[in-house]
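Paired with subunit B in one complex and with subunit C in the other, subunit A is shared by the two complexes that follow.
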Partner chain A sequence: MNKDLKAHMIEVLKQGKRFDNRKHDEFRDIKIEKGVVKTAEGSARVSVGGTTVLAGIKLSIGSPYPDRPEEGTIITNVELSPMANPEFESGRPGIDSVEMSRVVDRGIRESKAIDLKGLGIDKGESCWLVNIDVVAINDEGNIKDAASLAALAALTDTKFPEVKDGTINYKKKTKKGLDLSKQPISVTVLKIGDDFIVDPTIQEERAIDARLTVSTLKNKSICALQKGEESPLSFDDVQKMVDLGVKTGAKIRKKVK
Partner chain B sequence: METVVPGEVLAEGMDYLPSFGTYRQKDKIVASRLGLVRVDGRVIKLIPLAGAYLPKKNDRIIAKVSDIAISGWRFDINSAYGAMLSTKEATSEYIRRGADLTRWFNVGDYVVTKITNVTSQNLVDLTMKGRGLKKIVGGRIIKINCTKVPRVIGKKGSMISMIKDKTGCSIIIGQNGFVWIKGKADGELKATKAIKMIEEKSHVKGLTDKVNKFLGSDK
Partner chain C sequence: MAYKKRLDGRKPGELRPITAKAGVIDRADGSAYFKIGNTAAYATVYGPRELHPRFLRNPKKGLLRCEYRMMPFSGMGDRVRPGYNRRSKEISMVTEKALSPVVDLSDFPNSVVDVFIDLPETDAGSRCAGICAASIALADAGIPMKDLVVALAAGKVDDMVLVDPNYDEEAYDAEVADIPIAVIPSTNEISLLQMDGIIKKTDLKKAMKLGLKATDKIYKIQRAALKDKYKGGKK
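What follows is the complex of A and B.
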C-alpha cells in the first residue's frame, strides 16, 4: 500500500477510530445461513459485513492412513476465486489460499472439534473422509475468520448419508450428525503501526504490518495460532494480540448462538 | 425522459444520429447501456444509470499506478481498460532514459490525472500536465459508481462544495468513480457517509436539503 495513505490510516487509528467508524475490537455484522446447498451433507453461507463465503461438507468412504487405522480424516480446502476479488488468480491454489486452508484446518483439527476415532468404520479398512470446502464469494476483507466460521457452521449442519453394503446413498440423509462438542472460533488480530484491530476491511488488510490468527474454545483456551506478514512481533505484542483475539472470540461466540 | 435497457431500439430511419451509449444498426439506433434517453435536436443522447467506467477524452480521473514500464507508468483507472502515462507527459523535468521511475510515481500511488486520448482499440493515454493534476498525498480513497459522479458533484459543484464546507475536507472526485478525501478523521468519515448517501439515493428529489441536514446533524 501507498506510504502516504498508510501513514494517514495509522494517524486515524491512533485517535482510536477507523475509516468506517468502527472501534478497534468491533466486528461487522455476522450472518449465518445453514443448509444452503442441498447436494452437500452440510453447508453454510456466512457473511461478515460485505464479505461472503460458502462452506460445504462432503462425506465419503475411503481407507484410513496406515499409521492411524482407527481414525477418519479431514481434508480442508479454501478456494479464493477471482469472482470474489480480481486480485485472486484462478487455477492452482496460491500461497494465500493454501495458508487459509491450513488455518481453517488447524482450528478444527487441533481443537479436536471432530472426534476422528468416531469416523472409523472398519479398522484399517475403511473410514469416513470429511471434505471441508470453502469458497470465497465476495471479498471485502477478513475472509480468514469468515471461512473458519463457515466451516464450523457447515460442520454443525452436517448429517451422515445412508450406507448400504459399503456404498453411500447420497439422496437419503440419516439423522446422525457429527459429534461437535468443541467449537473453535478464530479471530485474526492485525497490527498496523502500534495499533491492534480485528475484522479488517480490504484497505486495512493491505496496510498491515503483521497478523496473528487466534483460535479459541468456549473455555477460552487457545487451540491454534498462525502468524503472518513480515513485521516481527515482540512478546508484549503477542500477549496483547492473543488477549484481544480471545476476548473478541468470546464476543462472537455469544452473537453466533 | 425514458428508461431504456441495452438492445432496445430507440429510433428508426436515418433522421437521427447516435451519440454516447447508443449505436446504429442498419437504419435503427439501439441503446448499448441502461439509462435515460433524451432527444436533443437530431442527436439521441443516453445518460447511463449503471455500468462500469468507460474512458473518455478530457476526463479528469483518479488513477492508481499498477505497473512501471520501460518509459512510463501503467495505471488502474477503475475500468476494463488500463491507461498509460509516458515519461514525457509526467513532469516538466527531463527524465533520462533508464532512470528510476519510482522517484516520481511508485506502484500503489494515486494521482489526479487527465485523459488525453482514447484510441479505437481503447488504449488510454494520460497526462499530468495541467491545472490541479498531481500526485495524491495522504487522505483516503473511496470508490463510488461512476454514473453517480455528476450527482455527487451537483449543479455547478453545489453538492460537493457544500460537503467540503461542512466537513472541512478537501475532496477530489475523479470521473471514473474514485474519490479522494482528506481532512480530520471525523470530517472524513462524515464526508464518506454523505457521498455514500448521495450514491444510494441519487434518484430522490430534494437530495441537497437532505444531505445538508445530514451534515448539520452530529451523526
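What follows is the complex of A and C.
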C-alpha cells in the first residue's frame, strides 16, 4: 500500500473511525446458511460482509494413527481458490492457504471441540476421518475468520452416513451428528499503526503491521493463538489484542445460534 | 431389467430443474452460477489480463484458458482430492475448445482470459453445467462473443434414449451411454462431443436429436440470467 494512503488510514483510525464507517471492534454482517451442498455430510455458506466462503464436511473410514489407536482424525484444508480473488493462483497451495488451514484446524483440534475418541470405530483397525474443506468464493477481506465460522457451522450441520459391513452408504444419512457445544470461534485482530481492529477489508489487510488470531470457546477460554506479519508486538499490545479477540468472539457467538 | 420409466419420473426429453444467475462473485470481472438438478457450477472470469507463463503469449490474439475443478466435498462418494488430475485436465481442455469458437480475443494480443469453473456439488453432467455457467460468465465480463454456448448430456439407458441423465441413471445396471454435447445455437454447430458407453448408430442419432431439441430451453434460461442482471440499468 502506498505511504500516503497508509498515513491517512492511520490518522483516521486514531480518530476512532474506519474508511467504511465501522467502529474498530465492529464486524460486518454475518450470514450463515447450512445444508447448502447435498453431496457433503455437512455444509455451510458463510458471508461476512462481501466475503463468502463455502465449507463442506466429508466423512470417510480409514485407519487410526498407531500412537492413537482409539481415536479418529480431523483433516482441515482451506482453498484460496483463484475464483475468489485475482491475486490467488491455481496450483499447489501457497503459504497463506497452508497457514489458514493450520489455524482453522488448531482452533477445532486444540479446543477438543470434537471428541476424537468418539470417532473411533474398531480399536487400531478403523476410525472416522473428518475432512473439513473450506473454499473461498469471494474475497473482500478476512477470509480467515469467515473460514473458521464456516468450518464450525458445517460441522454442526454434519450427519453421519449409514455404514454396513464396513462400507459407507453415502446416500443414507443417520441422525447421529457431531457435538460441538464448545463452539470454537476465531477472531483475527489487526494492528495498524497504534490501533487495533477486527474484520479487515482488503484495503485494511494491505496496511497491516501485525495480526493475532485468537480462538476462543463458549466458556471464554482461549484455545489457540497465531501471530502473523512483520512487526513485533509488545506485551501490552498482546493483552489488548487478546482482550479484543475474546470480546468480539463472544459477540459473534450470539449470532451463530 | 428393462428401463421403462426414469428413476426420477422425468420424461425422456425432460431436463432437471435449472437455475442460472449472472454476476454472483463481486471480485471477478464476470461470473455466473448454473445449477441443473443437484449439479451446480460457479464460473468466474478474470481478464483480459497479463498472461503468464510468457511463452504462451500470442501477439495476434488473446488466450482463453479454462480450469475445471471439483470442490473436495462435491462428489457423490468419497472426498475428491483437490488439485489437478487427468480427468480435470481433460475436461478443462474440452471446455476451452467448446467455448473458443464463440469468443473473439483478437483485440487482446498477448493477454489471457481466465475462466475458473468450480463445482460445489455434482450429480452427473458437471462439464456441461460448467460450460453453461462459463458462457454466461464470459458474457457478463463483457468479452466479445458471437453467441452463448449451450451444453447438455444426451444418453441412453437400456432401451431408452434420453437427455440429462443423473448419477443413478449413469450407474444403472444395463447398457448405458453418456453423450455430452455443446452447441452454438445461432449456427447449430457442435463444439463439444464426447461419448462414453455403448450405443448403436441409429440410437446415437436419436439421442443427439433429442439433446439438440432440449438446448433451446437452456439457451433461454442463460439469456434470461444475463438480462436479469442488467434489468433497470442497475449495476
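Please note the rule applied: the second predicted complex is superposed on the first by the 257 of 257 C-alpha atoms of A that agree within 3 Å, B and C clash if a C-alpha of one lies under 4 Å from a C-alpha of the other, contacts with A are read in each partner's own complex, and residues count from 1 in each chain.
Here is the rule we go by: a residue touches a chain if its C-beta (ideal position, glycine included) is under 8 Å from a C-beta of that chain, and two chains touch if they have at least 3 such contacts.
Computed from a prediction, not measured in an experiment: that's the story for all the values here.
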Pick one for A:1: touches subunit B only (first), subunit C only (second), both, or neither. first
Which chain makes contact with more of the residues of subunit A, subunit B or else subunit C? C
With the two complexes superposed on chain A, say which partner A:98 touches: subunit B (first), subunit C (second), both, or neither. neither
First (subunit B), second (subunit C), both or neither: which does A:19 touch? first
Taking the superposition as given, does A:40 touch the first partner, subunit B, the second, subunit C, both, or neither? second
Quick one: which bits of subunit B touch subunit A in the complex? Just the residue numbers, please. 106, 108-110, 136-141, 182, 185-186, 188-189, 192
Within their complex, state which residues of subunit A touch subunit C. 36-40, 43, 50, 52, 54, 56-58, 60, 77, 79, 81-86, 90, 92, 131, 133, 135, 137-140, 168, 170
So in the complex, which bits of subunit C are touching subunit A? 25-28, 31, 38, 42, 44, 46, 49, 67, 69, 71-79, 82-83, 114, 116, 118, 120-123
Which bits of subunit A are touching subunit B when the two form their complex? 1-2, 4-5, 7-9, 11-12, 15, 17, 19-21, 203
